[in-house]
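Before I ask anything, here is the structure I am working with.
When the chains are written out, they are named A, B, C and D in that same order, and each has its own residue count from 1.
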């Protein structure tokens, strides 16, 4: 067994173990960061595969994303640190079944799939190739990704920002009616501060 | 007792001391911190020695016990200007002269490190904050996900938010009276939504500030304007230094305290002035916050009022000052930065007045109306405590802005040194 | 394998020296600015470190034990990995990764995660406030840092730090892309939460994320901050001041000198400039610094066009 | 080649981690641990005050719209790095393309700014 194999096995074990811990820990913050560890281990495996750019990019993408996920977990979840015991999984039997099926399906692909086996040409620089691709055939895809991201940004701001074009969210903002033009779904107190935002997540 | 080499090295470090102020002694503490053998720390966790400055009152015993026990042991206390608690009186280290602090603290550090001093006993009982109400072995919660007292503390329940139409879990705690970032003695119940202050309820007012001797005399009869103004300049520089420290400019603050220790009449503060402008101090955290309303400005008086454009300065009623061509300094912005700015301007002008008055030549003439360090005395009436306005001023501010605004206001009552006996002490 | 070990040991040595250097320069600046208590810059760091070493440890009522213990260690580790990317001379590059710039970009958000964990895991109010406040900063300077570093990658046609140095043989990036270094300096103060960007461990929170820790855990935390600042300075010197390039003196001497210049600048700014308000900095970072970083990138791009 | 560099990085990481663990000493953070400091020492520091509840609660991070914007923006960095490498080779075309891409995203930033997404909510 070569050194690379050893690292691969260790990282694979870390990825699976921390992925499993995500569902066992009570704390939302811990769960997010266990997921981060899992992704980092996968990133290292990508490095071993020679995908240096993708592996490293996975680190920074996932670090930011898991940080934000942890923030939102703490913002929305009651008992975010798991001070009171709770069950982190729903429909666990179905999920376990789906997991097993997915595992075997992917394993089947891995075992029976017909993979090309020619080695990477030694002078190929994946980052350069990727860059050329972005400026070549995939330019349209690339630019439309920009438009998609813009739509995401606008949607995010429109939904989450407190101060909008029509003034503060709490000044006159009401939940929408159940039917167009109908009464607000929740007729709360006069300040319009809705009390209906209990988050029954677990 | 023998120490290993690491402890010998550690003994040479400046002693990390947490200053616990049981009186309005921040100015003295700041001067004492110039001693290179000690170093003030912001949290008792970082301290080896506790300096208890002032006379503890029975009302704060519990709070004192909490802070005292939070020093990782073995730790010891030094008592200055006050009697040790009975339970700690045995072998207590008492400081007679402020200048001795470095030596005494250093000796204490050596004793603690060598094991000669075993540390002080804890004052609070060694038990969890609240009885564990739990089901599991380690005190896991009560019923449901939110109830109970997991690990000995209750969990927050949602309340309406200050700004959003959301319901949020408030973060509620009481602060003080021994916080290094609050005025000494101020105790408050604070509720935060996120890091924004949702409510700030003052539970006990800061310790009254005692008039320096020369102001005491100015209320009795004519005193030298030079002396009076030097004391004033010193005071404002110390206030400014504290604001700098809160805003993470500890080194500059230290230099300001060092300057304040040896002020000379006519000295120029231009270098400091320029430095603060160019480094953006007047645009730092909270600088544009804490604008006082009219009644708040009048209540606070002094610099805070003049920073809002309320040009009352009792010195215009004094012939001595009038002969020096005195005119009050007024600004109209009224925010924290305006008060910081005016502190420095006042200090500069006081130094100028001290110079113009010459040593002992020009004296004050009016004893009925004297401009004190905060506000004015009118017919023997001294400024009263104004911390109640914080309840209106701080909510809605982000934490660091709120702390900066607090550091721009001097709201404690003013007391004459002799009046301490019938005061709160 | 042997080469790897030698390089690793070299980085460890630089790490140790770096911590000492930060302490020396910081104290020297404090002395210069009129701080009477800073002590002898050369001996005082040892005393302070020993004092922290022998100080007893602390814990809180119900901490996230593992995260609290590991956060300072992980921060130090991230800082060391950043330091490893620095090319000290043409032949002395501990880790000459073809995607070094991307890895540095990954270390920044990972550091944010670790700093957040450090403040969060104590389950104490003031330290947690510091942690949340820091995240607003950590996520704001990230883009600025990435844009600025991509700017230096343009003329180099590579994401490798050694290639970035070689691309500056004609003219240093500090002149070609004048906006880069000032923007990057702010990033450095942010990532080690120093001075004006010390949102995590500030005085108005009684020490913020470290307000509950003492002793050796705090020593590691402070050392991590120092190493992070050194790593940042060395990367700054590499990316903008031409790294090992320079006449007469050997390459690594130039590199050390340039690193010290950036480090000294960062430390001076740290002592002089008061802390921003987090609210204000958020706006500044996105509305002022990010567009400036765009300008820097376009500038770099136009300049690099053949 | 690359794997050697990564190995060095791994060694450096592990070595620093080990040194850091040794420096930071024995963990005493577990409540069950016998040498844990007494309870009063472990209470959260509030200058003599006391908390009403655990610090670990739902926490309203006031800058949350910014984090969402960042995630959207950060996706774009994935494209920037490969672009930077081929920039000089591709010349003007690369500049125009990335300029267009950035311009599109800048609209998002400007919109966010206008709606106050970069303020404490």
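Please note the rule applied: a residue touches a chain if its C-beta (ideal position, glycine included) is under 8 Å from a C-beta of that chain, and two chains touch if they have at least 3 such contacts.
Keep in mind the model is a prediction, meaning the values are calculated, not measured.
Ranking all chains by how far their C-alpha centres lie from the centre of subunit C, first place goes to B. For this pair, subunit A with subunit B, the centres built from the Cα atoms lie 46 Å apart. Per-chain Cα centroids separate subunit A from subunit C by 28 Å.
Rounded to whole angstrom, the centroid-to-centroid distance between subunit C and subunit D, based on C-alpha atoms, equals 14 Å. Measuring from the averaged C-alpha position of subunit A to that of subunit D gives a distance of 15 Å. Each of the following residues of subunit B touches two or more other chains: 43, 45, 72-73, 128-129, 150-151, 153, 155, 158, 161, 163-164, 166, 169, 171, 173, 179-180, 194-195, 398. Touching two or more other chains at once are residues 52-53, 57, 60, 64, 67-68, 71, 78, 81, 83, 125, 127, 162 of subunit A. Under the contact definition stated at the top, the residues of subunit C that touch 2 or more other chains are 56-58, 61-62, 97-99, 102, 105, 120, 123, 125, 132, 135, 139, 142, 159, 206, 211-212, 215, 278-279. The touch graph of the protein chains shown is complete. Within the complex formed with subunit B, the subunit D residues making contact are 31-32, 37-41, 43-55, 57-62, 120-121.
Residues 78-79, 83-86, 162, 168-170, 173, 191-195, 197-198, 202 of subunit A are the ones that touch subunit B when the two sit in their complex.
Contacts from subunit C toward subunit B in the complex involve residues 29-30, 33-39, 43-44, 46-48, 50-51, 53-58, 61-62, 125, 129, 132-133, 195-196, 198-199, 202-207, 210-215, 218, 271-280. Contacts from subunit A toward subunit C in the complex involve residues 27, 29-30, 33, 36, 52-53, 56-57, 59-60, 63-64, 66-68, 70-71, 81, 83, 125, 127.
Of all the residues in subunit A, the ones that touch subunit D in their complex are 3-4, 7, 47-48, 50, 52-53, 57, 60-61, 64-65, 67-68, 71-72, 74-78, 80-81, 83, 125, 127-128, 130-132, 134-135, 139, 142-143, 145-147, 149-150, 152-154, 156-158, 160-165.
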